[in-house]
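Quick heads-up: structures coming right below.
There are two complexes below, and they share chain A, which is joined by chain B in the first and by chain C in the second.
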Partner chain A sequence: MRSRRRPRRLRPREQVLGRRAPGRSFLHRAPGGLKVLVLAIVTAAVLLIREPMVSLGVVVLVLVTAGAARVPLRMILVLVRRLWLLLTVLVVLQLMLNDLFTTAEVLSRILACLLAAQLLMLTTEPTELVGVLRRILTPLRFLGVRPGRVALAALITLRSIPYLADTFHLAGQQARARGLERDLRARTVPLLLGAVNHARNTGRALNARGIEEV
Partner chain B sequence: MSHSAAESPSVEPPSVESTAPRRPGRNTAQDIALIGVFAALIAVLAFAPPIPVGNFGVPITLQTLGVSLAGLVLGPWRGAAAAGLYVALGLLGLPIFAGFVGGFGVLAGPSAGYLLAFPLMALVTGFIARAVLRRGPVRWRVPLLFLAAIAGSILVNHPMGILGMSINLQVTLGEAFLFDVVFWPGDIVKSLVAAGAAALVHRAAPWILVRG
Partner chain C sequence: MTEAAGIEFTRVRVVAGDRLLLSIPALQLTEPRITVIGPNGGGKSTLLQLINGLVEPTEGFVSVDGHDTVDHGRAVRQSAGFVFSSPAAQLVMPTPLEDVELSLRRTVRDSSARRAAATQCLTELGIADLADRSSQELSSGQQQLVALATVLVLKPRILLLDEPTTLLDLINARRFIQQVEALGQRQKITTITATHDLDLAARADRTLLVQGGRIVADGPPERVIGTYRQHSTV
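And then the complex of A and B:
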């Protein structure tokens, strides 16, 4: 018999919504609506101007703001590490199809927008963003949009993401145990049925409490 | 059965204006729960790492599978609402797009067109799926649902994705089309799986599409 291998380290759970920079700086305390608005303006500017120097300036500005708010640079740049493959493919394609200047423009534009969004994400609570969504939708009331209902659905989404992520992970393990790790059906059907069941239970809980909007 | 009822998100007590008369035959709270949970389903499938499929182990991403499922299972309006909620939350800054990205920044990236097409894709898929489930013969359900999923993909998602790539990456429509073709085989596989799974759900949980 083979000697026992050392047990593999447990894989850390996929963290989705908890990535937040610690601290109570001016950026953390600024109202979420204001931050979203500034982000929208900056993104629109970068998208419309399309100058590599402007985009690079925004990148520097984001990093300086992050430093001023004491957000660890590591937490912002982790985005680049996660997307390096996509970014590399992008650069190679651009160099093949376009010239160097366009490559720099496309790359700096994408980096500027993503890094700015990452800074917002690190300093804002998800529930605060739901509040922003609700305020954005309020003027649309006359069209029949009910902001309270949308906000309730968004809160349910926030709650369901960790639950469904666990279900999906479990379905993957079960499929592997059956030797079906390459079978897309074996991996996704349990997730779908789990989602339907979760929605059914949530709907019943809401009905029992008479909640239709928040 | 009821043990996970306590898992519903913590919400404030209902406000006074929520006592509006409920329309008969329509379960608003159930619809809201379905929309919210399916938006989460799209998110979970979007940031799953690409999984190897088939004998050759070609990795495919599951981004659009959730959108197809929302349309096939929830029907046009609730499906589009779920996809729209997902896109809106992602654009506002929640890291729920593929690769844990979020914010308006994705509008600069190569996938902007695909993302913005999601609500419309769920709508088109949902309309066809609803017609199939109401009038189509049961024996033909899976193939017809497959057609619904692939129609949403080919008529809406890919054209808008190609347009977005050609604008954001500064390439011609023809070159963008060549990038796009790479995703077609995976899309056919995903549509097949989505159709089978959706048919299963409609058989197991017929309450979903009572009045969708």
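And then the complex of A and C:
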């Protein structure tokens, strides 16, 4: 048997977007509106109280709730891994400009909000969130806001994510096929052109169907 | 390491998550013109991308002229050019000439030599007059020829074409194929083409039918295309 580097894994397509935690726990079944409300209250509390202990308490609470709903911890913490660079820069800046206590306070606040939001995203269908958005906006009708249109825009945005992820992946493959994997231009231009094209096509298709809101 | 010429698959399986996308126990490709046909989602693109290492086999080995595609991906990709089906998405520079030059950036240091080689390549494909036009304004047929140029300028020994004419009209598709065939013969390039155009598929020394992640027929084009037609009657 020949030996060689381990082959690169092929990332399953759904995984690019479908970061939904599997399961039918109480958290999955809870109404989307209620979850958004709780998230709003928790976030407001964390931002207003500015107490590291409160923020850390929220972090623990989020993790315990996730555990009770059988949401894998790694699916929540993956957010920290994706943002580690940003968080590190933030911590360093805070340490330079402020003291240790402030740094801990800022970091714990950010983590609490991020992780709570991540838990909501993991246990709620995107379409349900769009419905919540529409209900929230409904009282603003008298200001000329058309909730159905905003909801449609949100829905289209969500639907576009897998398309863009695919385009991004394809652009990477095309760049790699030409030996240009380090070339920023080769990796991004097709994505931008694809995005514009997709937007135009989506608009035309909706127009043709006479759809203006959901 | 075996010094076999050509492309060799050994106990290859490609898995994404828990889905088996393609399984090829053994396959050797040595003919100069090979075509790949089969339904959408059958595994044609996966097969083609295995050959230049864009997809790496989850299990098993793929080698090109004795070079493993995992260990020598870059080298393999240099000798195996790839043309995708979407013409516009493959061009990344403002003009065709710049795009062809971009391909040479790592291999040719001198910029005037780069320009000369790029110009010559466009001339060979009969599109020298497009050199300084805006890439995004060209017709799909012209764009696909430019995409071909960006690959050919690297003098590949193998050319992988993934549904290269699917988005082109009849005239432009013919023109594209003629160019590929003429150049393939002149420069002794092995071409492997995935296509839904059965007339195009018939112009080969060997045809593979890929369906459900397996090669279900393999042999002379007429016979394999016949099998595909039978499979597809509704």
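Going forward, the second predicted complex is superposed on the first by the 168 of 214 C-alpha atoms of A that agree within 3 Å, B and C clash if a C-alpha of one lies under 4 Å from a C-alpha of the other, contacts with A are read in each partner's own complex, and residues count from 1 in each chain.
Here is the rule we go by: contacts are C-beta pairs under 8 Å (C-beta built on N, C-alpha and C of every residue); 3 or more make two chains touch, one makes a residue touch a chain.
Being a predicted model, the structure only gives us computed values, none of them experimental.
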**Request:** With the two complexes superposed on chain A, say which partner A:38 touches: chain B (first), chain C (second), both, or neither.
**Result:** neither
**Message:** Output check: A:185 vs chain B and chain C. Expected answer is one of first, second, both, neither. What do you get?
**Reply:** both
**Request:** Determine, under the contact definition given at the top, whether A:170 touches first (chain B), second (chain C), both, or neither.
**Result:** second
**Prompt:** Given the touch rule stated above, what does A:9 touch, chain B (first), chain C (second), both, or neither?
**Reply:** second
**Request:** Identify which of chain B and chain C touches the larger number of residues of chain A.
**Result:** B
**First (chain B), second (chain C), both or neither touched by A:92** = neither
**Asked** Just chain B (first), just chain C (second), both, or neither: which does A:140 touch?
**Response** neither
**Request:** Considering only the touch criterion stated at the top, classify A:193 as touching first (chain B), second (chain C), both, or neither.
**Result:** both
**Complete:** chain A positions within both the chain B interface and the chain C interface are 14, 183, 185, 189, 193
**Complete:** The answer for chain A against chain C in the complex is residues 2, 4-5, 7-15, 167, 170-171, 173-180, 183, 185-186, 189-190, 193-194
**Asked** Which part of chain C faces chain A closely enough to touch in the complex?
**Response** 1, 14-17, 19, 21, 49, 52, 54-58, 61, 68, 70-71, 74, 77-78, 81-82, 84, 86, 88-90, 92-93, 102-103, 105-106, 136, 150-151, 154
**Prompt:** chain A touches which residues of chain B in the complex?
**Reply:** 1-2, 4-9, 11-15, 17-18, 22, 27-41, 43-45, 47-48, 51-55, 57, 60, 62, 65, 69, 73, 81, 85-86, 88-89, 92-96, 99-110, 168-171, 175, 179, 189-190, 193, 196-197, 200-201, 204-205, 207-208
**Asked** Which residues of chain A touch chain B in the complex?
**Response** 14, 16-17, 19, 36, 39-40, 43-44, 46-47, 79, 82-83, 86, 90, 93-94, 97-98, 102, 105-106, 109-110, 112-118, 120-121, 124, 126, 129-130, 132-133, 148-150, 152-161, 163-165, 168, 172, 181-185, 187-189, 191-193, 195-196, 198-214
